[in-house]
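Once you've had a glance at the structure underneath, I'll fire off some questions.
Letters A, B, C and D mark the chains in the order given here, with residues in each chain numbered from 1 onward.
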Amino acid sequence: MMTKSLKLAIIGGGSSYTPELVEGVLKRLDILPVTEMHFVDIEAGKEKLEIIEGLTRRMVEKAGANIEIKASLDRRAAIANADFVMTQFRVGGLQARANDERIPIKYDVIGQETTGPGGFAKALRTIPVILDICKDIEELAPNAWMLNFTNPAGLVTEAIQKYTQVKSIGLCNVPVSMQMMIAEMMACPPEKLSLECIGLNHLVWAHRAWVDGQDVTAEVLKKVGDGQNFSMNNIFEEPWDPDFLNALGAIPCPYHRYFYQVDAMLAEEKESARDGGTRAEQVMKTEAELFELYRDEELAEKPKQLEMRGGAYYSDASLNLVDAIYNDRKTIHVINVANNGTISSLPDEAVIECSAVVGSWGVRPLAVGKLSPAITGLIHQVKAYEQLAIEAAVEGSYNKAFMALSSNPLVPDITRAKAILDDILRTNHDYLPNFA
Amino acid sequence: MMTKSLKLAIIGGGSSYTPELVEGVLKRLDILPVTEMHFVDIEAGKEKLEIIEGLTRRMVEKAGANIEIKASLDRRAAIANADFVMTQFRVGGLQARANDERIPIKYDVIGQETTGPGGFAKALRTIPVILDICKDIEELAPNAWMLNFTNPAGLVTEAIQKYTQVKSIGLCNVPVSMQMMIAEMMACPPEKLSLECIGLNHLVWAHRAWVDGQDVTAEVLKKVGDGQNFSMNNIFEEPWDPDFLNALGAIPCPYHRYFYQVDAMLAEEKESARDGGTRAEQVMKTEAELFELYRDEELAEKPKQLEMRGGAYYSDASLNLVDAIYNDRKTIHVINVANNGTISSLPDEAVIECSAVVGSWGVRPLAVGKLSPAITGLIHQVKAYEQLAIEAAVEGSYNKAFMALSSNPLVPDITRAKAILDDILRTNHDYLPNFA
Amino acid sequence: MMTKSLKLAIIGGGSSYTPELVEGVLKRLDILPVTEMHFVDIEAGKEKLEIIEGLTRRMVEKAGANIEIKASLDRRAAIANADFVMTQFRVGGLQARANDERIPIKYDVIGQETTGPGGFAKALRTIPVILDICKDIEELAPNAWMLNFTNPAGLVTEAIQKYTQVKSIGLCNVPVSMQMMIAEMMACPPEKLSLECIGLNHLVWAHRAWVDGQDVTAEVLKKVGDGQNFSMNNIFEEPWDPDFLNALGAIPCPYHRYFYQVDAMLAEEKESARDGGTRAEQVMKTEAELFELYRDEELAEKPKQLEMRGGAYYSDASLNLVDAIYNDRKTIHVINVANNGTISSLPDEAVIECSAVVGSWGVRPLAVGKLSPAITGLIHQVKAYEQLAIEAAVEGSYNKAFMALSSNPLVPDITRAKAILDDILRTNHDYLPNFA
Amino acid sequence: MMTKSLKLAIIGGGSSYTPELVEGVLKRLDILPVTEMHFVDIEAGKEKLEIIEGLTRRMVEKAGANIEIKASLDRRAAIANADFVMTQFRVGGLQARANDERIPIKYDVIGQETTGPGGFAKALRTIPVILDICKDIEELAPNAWMLNFTNPAGLVTEAIQKYTQVKSIGLCNVPVSMQMMIAEMMACPPEKLSLECIGLNHLVWAHRAWVDGQDVTAEVLKKVGDGQNFSMNNIFEEPWDPDFLNALGAIPCPYHRYFYQVDAMLAEEKESARDGGTRAEQVMKTEAELFELYRDEELAEKPKQLEMRGGAYYSDASLNLVDAIYNDRKTIHVINVANNGTISSLPDEAVIECSAVVGSWGVRPLAVGKLSPAITGLIHQVKAYEQLAIEAAVEGSYNKAFMALSSNPLVPDITRAKAILDDILRTNHDYLPNFA
């Protein structure tokens, strides 16, 4: 990278996570010469954006850093000449997420933000918007790297890579959280632990784990089966059956509970929806409280309470990636990237989540070859759903949308698939112009 | 083929289907010089075997054919020097099948003879026995072709091809039944209809249909969606949603209802189990009646009542295959055969069900290449289950059995998978020495 | 096929082969209701075209057939509403072929019409013209089948399939000639012999041969090694080393001599070029004599002398294909078709030459899977050359042309590759507008 | 890695290169706790081994290092409990290499130590010996890493991985030499240059080059075409045609001259063989001089003259690999490793040379996906040759040996292939017991 100063554009900058990102930038000033951060949001998020602008300006000032903070509704200005574009927006806001969670459980189907019908609805809303953003990047910052955090990150990244020329990497905090939790279990520093991660976004397995070159996979599986902490604070921590982990022979991610432990997870969701509210409804409260804190003109740092919000390590995951690219680190990151033969039975253009080396020249996944049948069936099933969902979103095709939901392993029956699809299309009508 | 006379060995010869097979042989005497049919069965089936022996001898005599009918419990004698070995046995008899149907529905899971946990239990019981038979064939009739009708035919054929040197073809009456039903729908002679069939056994789609070179796929889908007959008499005829067929763009087989229309099929199964008995329990009655008829010393032909039994076209499907091999017909048949690149994302050794050319030199599938995502997810999911189930059966591995059931798309949850597995292992204890 | 009458358009109809094609049509009037044959050619071939028109009209009349013979320079009129379009033209005529043969041998490299630098030059001249023809077919006869005989048939067919929507099949008389010669060797009727043919055009092997279901591959190899006739009358019959055939384990086609027996073939070519003239120069004489015969107003049948011309079985090969499509025969033909997984290590869109089933719905290759390393290296090398040559021809790219020739296994050195390329471009200047 | 001290076993320890390896170990004492180096050789090399033992003991002593130097003819003692086993032996010594160089040029074919028929002969001699060594490692040091330098390194490593359980990595100094030479061309420190290396051993291309994240591939190709130094001191530096480099679009390795510039390289070889002696014959002199120096009891360091010998960077390449494994560096090295989908059209078990990440858990190649046709043809052709050569060596099969040589792109004709093969088998009779 030749530039001596870095401009970051953050789409959806009014997010409550933003202070964590700024904190991460401030921690890395010696290695990342960030001189401009441009937060952009839409009209509906204007108030939050202004609160974020104030807080992050105070943070920068307190740190004595030479970073210009900009906040605007002008996406094109934010993108122009950016070195990195980060996306963390949510079409329809938390209310749309609450719908994504509530609609499926009406039909006795998992209602979750990123997997199952909920993730599907989110994909339909998000993909057209992100492709629009990419057009701006192609025009205004063709050399920029786009780091996509927007969920469902795998689907969205695949859409970007299939339909645009933008250099993009999909990013998720699940793999880094697994790294941290397993390191804690094994009582070793995180950098001593190596994980071979392969799968799809929110469907990633650590196929093997090593500490100091010793294969500790069986030990980790035993600890997970014994009930050691292995969840993230937005997923209900249903315990894992030790026999199942043993049979699987790979370390599932927390989201795998939705695929393997359907009964318990659905029961818990229905109970939550009835009692305390769905996860989105809980987050609405947290968010309101956070923004109340952020308003405080005395506050000039990320408040502790943000950690309860759920996006642990997002800031580190993304800024370590910026570091790897900018400083040509050639370090291993778990990211979402086009398959290109990494998993031999999947198409080249399918986006997978896997361990990859990142340097100034981009991303190269570590080759995997054949996967065990315990893994390959589920990956293919979910990838087929994803391909159909992307095409449905881009083409506004009812047929492909119906087939996508019918192919989703969390939707057990086509009659329910159709009822859920019709409900989603009705409820999200305003956010789905392609389906009008 | 150099031989001028043909010996057929039929393992499980005491089956109620046998008269249909003999009728088929008698119809083809001008093209197939069968001179010996050796029916073999086990001690428990001795009485039925003797009834079959009597009836088929009378049939041969009436036809004035020069065929020696043998019936014995001596499998090795039956196999020795056979030109074709046909398998149609059922380990554990109809009672085991009734268990296969009843156990899963206790856990709100599809209970079916060949798919889901029922088919899995049948595979565990059957595979070790069939591999044993293959050892005899390798020794006593190494040039024989084995035509395997034994369900689950895809799984069993894959086991044979992976673990033995026997030349085998898996066979099912579903594709030929689809050919007949669609031809009837289109009001054309069956030979004018061409179907491009690809999938797995009991999970096969007709991807395209032509009459006289015209693509009639959409028309067929419309007729099936309009409720024209498209079921077989052992599968409940739940109507297909026309929108779904349209979205799928391929003609599903009758068994696909268990995968796509889970709710309705399960509801019907539970009702039947409560009221009239499961399918196996109904068949027990039919069988008793059939054998009562067969005993009749006056009877010298296949009685009409056999057609209600469910195995339509089995005799034609298998004897047409014998004809294609013996007479080097190079005709297209839908059979179960090792993939070898036919579907490019599946392993070479995976057995698939597809259109293939059959001649005296054996079988060659018609290449397919990439499948649409609407198909590929389900195929991979079921094939992964099948691979695990085969290994579980051969190795007696609890882990692989657990993982197999957990990977089966009809089993929605690992907790239920485990409960069902334990129930299956307990109930089938006597037939599963590998798991002792 | 719904049409009750067939129109054939023959591009390059002024060829000396045309009477054989007409003879073939006349032999098949009971199964192919041909009512129109439209021969089209270019200005330079006008005289020959008129001679052909006269002779073929007399042939039709003598046979009492109801076929309208048309001959014109109006390609669009010929193509409009045709059921089959057959191409058999030669850009630059026999003089261009003579150049193709003479240029390489100046550099001690095989000079041959369809392989090596000669075939490359022919591809550069032919591909732009054939893509132009395809545009007419797309517009004027979108349902027509195009049967491409134009060499290099594999390359040309791949170009058609990559760059147009035309339904096309590439066709060559080599496989059918192998079938005839091997049947003669084995003293059996051709229809009793089954060959498993796989490879590329003019680089096709019969991997196995069966007579009556018995594998006779070793026996055929022995006979070929013992010197039994296994050549075609345009290829020098250099004897095969029996040890090599044994090591190869597959039956090479006559053209394989150019790849395996380079030294002897090159020596013979140089001698011929010095003494009797290259193959093209010999053919020029034969052609002149043939057209002298054709002029004879008394002649109303294909003269015997045509057989020496070299294209044995072309008429049968193509009309049997027309029959298979029109009458939905579902018979096996060896044709050039997109790979689609047939050979698993080649790209889906690579055109291969292989055994395939042909019916009214089109063509489906017989799956092959993995090839032995004795075969796979050469196939990949030649296919890489072909891909580069096609792109060079379409794009007029010097770089790709240079890389294509450098990748051709008959060109041993890049310095010679460049010299030959420059010579080809200079000599063919008038026929290569893309390279102007 | 748990061990706190490292034992290195060096098979072929009497090599003149050994002092460089010891120098490398002494430079890395702070990161690699080597406490024992055991050099082993065969009876014929005893004198050289003793000279090496003396010199390296003096080197260790001078450095004040705590390393036990052992030298013996007892291979099993050397291997027992080794952490790393390094192989650098030469079956038949330099005389065998001289034969490898002289035999092919008798037939106007490239005579080279590692490619073409010379490399083939070396593979036949070496593979049985290395598989024998692997049996000892499996028994006596099952956790050891084997670093194989023995040429032809790709072939030999593939044999090890196919036929043994030993953890092995094949290693070559070509990629590191390319890194050094290109960095010098670009006037940047080597660590600033990133190369994407993919191919086979001695047939590896740098597909892209970056300095500081800028793609400089075209610039490097231009410099190489302009005649900047890009050779190694055992390969004749025939200049590259700039147009060819441009067409190729990838940076060839020095050995590619044997494949692309056959005429010039062969001419130079014939001239050398006639005048100064083949490369082996020159090396014999250098070796004699080196050992004369090594004998000197005053010498306690690697003499400068060793650098002329030809194995530049071997010591660094291998010890950096030891470091990456022992210290879990997760750094990128270009090594020989099983493909496992890295290049999607090659078999999983084919050993390729490519950029890979190396850590304490082993090696993981960086995924590549599809290669351009300019590359893929040659790779497949050479890999097919390699597969056949390995099987020939292991099975002692004349047929496979004949087919291997016939498939080698440097052998243009099967008649010459056979003559060369027979010459090789005769000349190497004593070293090829499998072919006796």
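Just so we're on the same page, a contact is a pair of C-beta atoms (placed from the backbone, for glycine too) under 8 Å apart; a residue touches a chain by one contact, two chains touch by 3 or more.
Here's who's who by UniProt: A, B, C, D = 6-phospho-beta-glucosidase.
What you see is a predicted model, and the numbers here were worked out from it, not measured in a lab.
K.L.:
Which neighbours do chain C (6-phospho-beta-glucosidase) and chain D (6-phospho-beta-glucosidase) have in common?
P.N.:
none
K.L.:
Can you give the whole-Å distance between the Cα centres of chain B (6-phospho-beta-glucosidase) and chain C (6-phospho-beta-glucosidase)?
P.N.:
44
K.L.:
Measuring centre to centre with CA averages, how many angstrom lie between chain B (6-phospho-beta-glucosidase) and chain D (6-phospho-beta-glucosidase)?
P.N.:
Distance between chain centres: 55 Å.
K.L.:
Two or more other chains touching the same residue: where does that happen in chain A (6-phospho-beta-glucosidase)?
P.N.:
370
K.L.:
Following the definition at the start, I'd like every touching pair of chains, please.
P.N.:
Once each pair is checked, the touching ones are A-B, A-D, B-C, C-D.
K.L.:
Which positions of chain D (6-phospho-beta-glucosidase) touch chain C (6-phospho-beta-glucosidase) when the two form their complex?
P.N.:
241, 243-244, 246-249, 260-264, 345-347, 370, 373-374, 376-385, 387-388, 398-400, 402-403, 406-407, 409, 412-416, 418
K.L.:
Per the contact definition, I'd like the list of chain B (6-phospho-beta-glucosidase) residues that touch chain C (6-phospho-beta-glucosidase) in the complex.
P.N.:
1-2, 192, 194, 196, 208, 210, 212-215, 325, 328, 330-332, 339-344, 348, 355, 357, 359-361, 364-370
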